[in-house]
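Below: the structure, in structure tokens.
Going in written order, the chains are labelled A, B, C and D, and every chain counts its residues from 1.
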Amino acid sequence: MTLTTLAVLVPLLPFLGAVGGLLLGRTAPGFARPLAVLPTATAFVLAVVVAVRQGSGPATDAATRLTPTGSVPVDLALHLDGFAVLIAVLVGLVATCVQLYSTAYLRHDPRYASYSALVSLFTAAMFLVVYTGDLMVLLVGWEIMGICSYFLVGHYWETEVARAASLKAFLVTKLGDVPFLIGVFALAADAGTFRINGILTAATHGEIAHPTVVGLLLLAGVAGKSAQFPLHTWLPDAMAGPTPVSALIHAATMVAAGIYLVARLLPVFEASTVTLAVLGVLAAVTMIGSALAALAQDDIKRVLAYSTIGQLGYMAAALAVGDRSAAVFHLVSHGAFKALLFLAAGVVIHAAGTNSLAAMSRMGDLGKRVPDAMWTMGIALAALAAIPPFSGFFSKESVLRAAEHAASGHAEGVPSAVGWLVLVAALLTAVLTAGYATRLFLLAFRGRGATAPEAHGREPAAMTVVLWVLAVPTLAFGAVALVPSLLDLPAWLDGNALAPTLVTSILGVGLAVVGILATYGAWQAAATRRGAPLGAVVTAEAAEEEPALTEAAALQTHEQVYGDVAAAQDPADPGRLLLGPLFEPASHGFRLDALYAKLFVRPVLAASGLVRFLDREVVETYVRGAGGLPRLLGALVRRTQTGNVQTYISVLLAGSVILAVLVAVGA
Amino acid sequence: MSDALEVILRLLAVLVAFLVLPLVVGQTEHKVMAHMQGRLGPMYAGGFHGWAQLVADGVKFAQKEDVVPADADRKIFQLAPAVALLPYLLVLIAIPIGPGGLVGQDIDAGLFFVLAVMGVGVLGSLMAGWASANKFSLLGGLRSAAQLMSYELPMLLAAASVAMAAGTLSLPGIVDAYAWWWTPWQLIGAVVFFTAGLAELQRPPFDMPVADSEIIFGAYTEYTGMRFALFLLAEYAGIVVLCGLTTVLFLGGWHGPWSDSLGWLWTLLKTAALAFVVIWLRVTYPRLREDQLQRFAWTVLIPLALTQIALTGVVKVVIS
Amino acid sequence: MHLAYPAVLAALLFSVGLYGVLARRNAILVLMSVELMLNAVNLNLVAFDVWLRDTLHAGQALTLFVIVVAAAEIGIGLAIVLLVYRNRGSSDVDRLTDLAEHGPHDPHDPQGEGDGPSAPEEKAEAAA
Amino acid sequence: MNVAAAHPGFLSPTGVEIVFVLVGVATLAAAVVSVTTKQLVHAALWLVVALGGVAVEYLLLTAEFIAWVQVLIYVGSVVVLVLFGLMLTKAPIGRSPDADSGNRIAALAVAVAAAGTLVWVVVDAFRSTWIDVDGAPQGSTKVTGEILFRHWVLPFEALSVLLLAALVGAIVLSRKQSRQQPGER
């Protein structure tokens, strides 16, 4: 098979799997699992084959036109280069792991068939986004992902939280997508084509007439999809979906799409300094804010969600300083360890029967009950905190190096101020990242207290095996990628050097160690308060004695038991000690949602109330008034409707006689 | 002038036939039934073989008081026998007896005329039944009307088959076109026609509308004297007409040895034989129930008649 | 023969039938009057056919067709009338006013269900 | 019409014309009685007279076949059906006080107006038109059969389908009522 055929098969297989799953899911439930796992796994293998064949060679392009589409043609185009094939491998790996994991994690779920089909569709859409060479086709995949995320986040639609979260995810991302669509059209109108290659050629030759406007419009969509400030608020709430979905969305697919798009279209953004500056500021704000918020979260998945936002900020920062290799490098390594983190968190939640860190910190032997999760999560947290041998260290160092490069004014077209801003923010975030990673680990696995409920027995093998599979790239990818004889990553990408430099390494690792030590200290300082029983934390006892068996049940009772989705009144929280007065706002995402509610939601509601009033009271009155005369006439005419057929015929015939006479006389 | 004279003479002859033949049939019925059933009563009047029985009956009818029920619709009540009788007189005009214009009036669409006019006779039954102000009469009238409507269809279809075979609607024309093998060819049609005709005349075994053990005497319950005699006369006239028609249509009419000179005799002989069959059937078969009557018409006679038409059509195409 | 004779006779017959259709209350009598009107038309058709000596004899053919249609019409019409009579105990045309438009404030049977207070009794009578 | 000048006037009628007018008057009178009498069954019987009169008029117009069809279908079947209907709907013996509906006056006005208009128009148009009825008969069975099955076969077949539909329809209508009210038979 040719490379093109293989590449076409990659998105097609999960798509067919999704169609099959949706069609057969109800009638033949036995096929749901094979239909979910096999196409995705095959697509992963094919993606690897594509990646190996493509390698570091020149980009492969193929296109076919289905039908003429007016002045700006739309092609089914394929564009394979190092970026695309690398991310496709990541997507395939994570999706396969998620599907495998889901077979065990959702084994009791009645809607598993539709769930797995939607995950397959999601995967197919992401493959499409990655491989396509046409902006319009990319948009198709982009929107399919939006829809799928809506359905998947709302998978537990019986719970109020999930319904609200799915709606929020959909609306907020669409809020970004509208300007994004306009931006795409503006870009295509300027470049005269939807083909990305053509656009890039136009951008490098300066033929884009309005680079700033286009760039900012596109950035809105990117911010929505990749959860950058100020459109990031949907992501923490999206934790209401099943944990594997969170892993999929956060690690490889949805949020990565935004970063990937900017990476593909970087020349367009580079054409405008303003855009880069805006991107840098957004990235900086996102990084620091999300790291602070992560330090204050009680829900283990929300901690991870904010960390995702922060890591996406890193990638955005790398893009802001014009180094897409670093961004994609971090994207890939982050994808691996973040998927691992979520899936391990799923195991932990499964074992603990809750997703509250405060509750976990009062369970004595959680770490011993799920050793696989503890070890793999430890590895992944170390990667997140950028501790040297792990992959996260290398990728984050490449970002820092790029920022330093720009700060020192060596990057073309990037103001050094942006570089400095990004560098400082990234270093600050490194401290906080290490801090919340440590806090998460300590609270989850170093708890002390009553034995955790033994309701579940051992975790299924499918779940633990997946964890160790993902632990491999988390451990080794960074180092392996940079050894030229093994996997010459820079050659696959733009060719920029990605290896860590001494200064940034020392700086980054040092700051991380500072964060770890500070958190550990705070944790030790709060040791005495850790004796407080769970009753001090919860506001109400769980309704049932039995711990929650499924994530849906945990979600349902969470608010009732802990009083708040985001935070618990846990005095032993080291984050509380570290953040001080900042803790309360940070745990609620700096009250951004409340601000939005005040700024946007309330005026919209008021306006709709006004419109309703105008329609109901004012317009309706006119309509009613206009109806009066016809009604009067109708009442008059109604009197002639006696129901007596003979009267009708009499009148009819009298009329025709008169007509006949008139005609006869007239003639 | 001779034209008018000829017409008057023909009509007179028809009238005479109309007055004589039904009486002959009636007398025959008395005798035949008496012999078949071993009855002695009709054998006494007048001495030899009870020859004056019919005369005695006539005298009896003439003597009876003509009663009209108090609640009855007088005019219609009185008019009904005439309406029942007249069509048969009209029909008789069109039936040919012998070759060479030995017919009351050669009508172009004779067959059609005969069937159409016979259909009018039903009005007499209806009028009589309704005007009597008697529920048995009304039921009988409705029943006989329903029966006549049902059996009209197979009769028409059977007649149509013959018309197809002969290629004309004129009764003399049909007899002219006759050949001996028509009788086996049109056998089904003949049976259907004859049976349906019997039913139209409400002769046993199709006499449910006037069955005395069921609804007294149907539409004629309230009639006495001469008016009743007229109804009886209509029935016997009907037998004559039916037998004559069957003879003309299916049995070749005047065809036979020496048909040039003795044609009229053949016709009369065949008619008489059929009349005998009619009487014979009366004493042989039990009465059909009302629903059996209708079912017989719709599920037996009509399909048979349609079969006959198909057969006729096929043979006609084959031999042409 | 003058064409005026059959034509005038047809016109008068038609008018008589028209009067019957409009003035008769019993539905069966209305149907009878319709037959009269159809006959008037048939008479016209035949007269004009004979006058024109049409080689296709369209007038006579059409007359036959009209007669056939009239027979079908009377069959169906009577079936309907009998059904109405059995359901309501009456075949009076001017009492079949279910389609009458009652005023908005008219309390009289808003569904247009019955045709007067005596209808149920008559129905019961008919059923008996 | 080339014979227009040759034909006799209205004041010297031919024998056929005299018979036609006489029968026509009888027909019209029967029709008038039929639509005005208060005795329902009498109305139907007068209708028989009127229809028979029309049949005779057909004969006078040399349309023989149609005349017999008229007798067979109208007198033999349609009127019988009508009588059936009248008897099944309990037509009383004697006068029905409510045989006519309320709009007699309007009906009379419309009918008279229609009659006046039609007669005026017809007389105006065909005052001097002459039908030649002495030639070959226009409606013999042979002629009618030939045109019917040579030129009018398709309408004829369509009509047979219509009749079948009417038959089925009548059966369906009758069956329905017997199923709804099984006690009533």
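What we mean here is this: a contact is a pair of C-beta atoms (placed from the backbone, for glycine too) under 8 Å apart; a residue touches a chain by one contact, two chains touch by 3 or more.
Here the structure is a predicted model, which means the values were calculated and not measured.
The interface with the greater count of contacting C-beta pairs, when C-D is set against A-D, is C-D. The innermost chain, defined by the distance from its C-alpha mean to the mean of all protein C-alpha atoms, is C. The distance from the centre of subunit C to the centre of subunit D, with each centre set as the mean of the Cα atoms, comes to 13 Å.
Mean C-alpha positions place subunit A and subunit D at a centre distance of 86 Å. Centroid to centroid, with C-alpha atoms defining each point, subunit B and subunit D lie 28 Å apart. Here the spacing of subunit B and subunit C, counted between their Cα centres, is 35 Å.
Annotation for subunit D: residues touching 2 or more other chains are 65, 69, 77, 81, 84, 88, 101, 103, 106-107, 110, 114.
Contact of a single residue of subunit C with at least two other chains is seen at positions 18, 21-23, 93-94. Checking each pair of chains for touch leaves A-C, A-D, B-D, C-D. Interface residues of subunit A, counted against subunit C in their complex, comprise 635, 638-639, 641-646, 649-650, 653.
Considering their complex, residues 7, 10, 14, 16-17, 20-21, 24, 27-28, 31-32, 34-35, 40, 43-44, 47, 50-51, 54, 57-58, 60-63, 65-66, 69-70, 73-74, 77-78, 81-82, 84-86, 88-89, 96, 98-104, 106-108, 110-112, 114-115, 118-119, 122-123, 126-127, 129-133, 138-139, 143-144, 147-148, 151-152, 155-156, 159, 162-163, 165-167, 169-170, 173-174, 176-177, 181, 183-184 of subunit D touch subunit C. Listed in rising order, the residues of subunit B touching subunit D in the complex are 71-73, 76, 108-109, 112-113, 115-117, 119-120, 122-123, 126-127, 130-131, 133, 138, 141-142, 145-146, 148-149, 152, 168-169. Of all residues in subunit D, those touching subunit B in their complex are 39, 41-42, 45, 48, 64-65, 68-69, 71-72, 75-77, 79-81, 83-84, 87-88, 91, 93-94, 137, 140-142. Residues 101, 103, 106-107, 109-110, 113-114, 117, 120-121 of subunit D are the ones touching subunit A in the complex.
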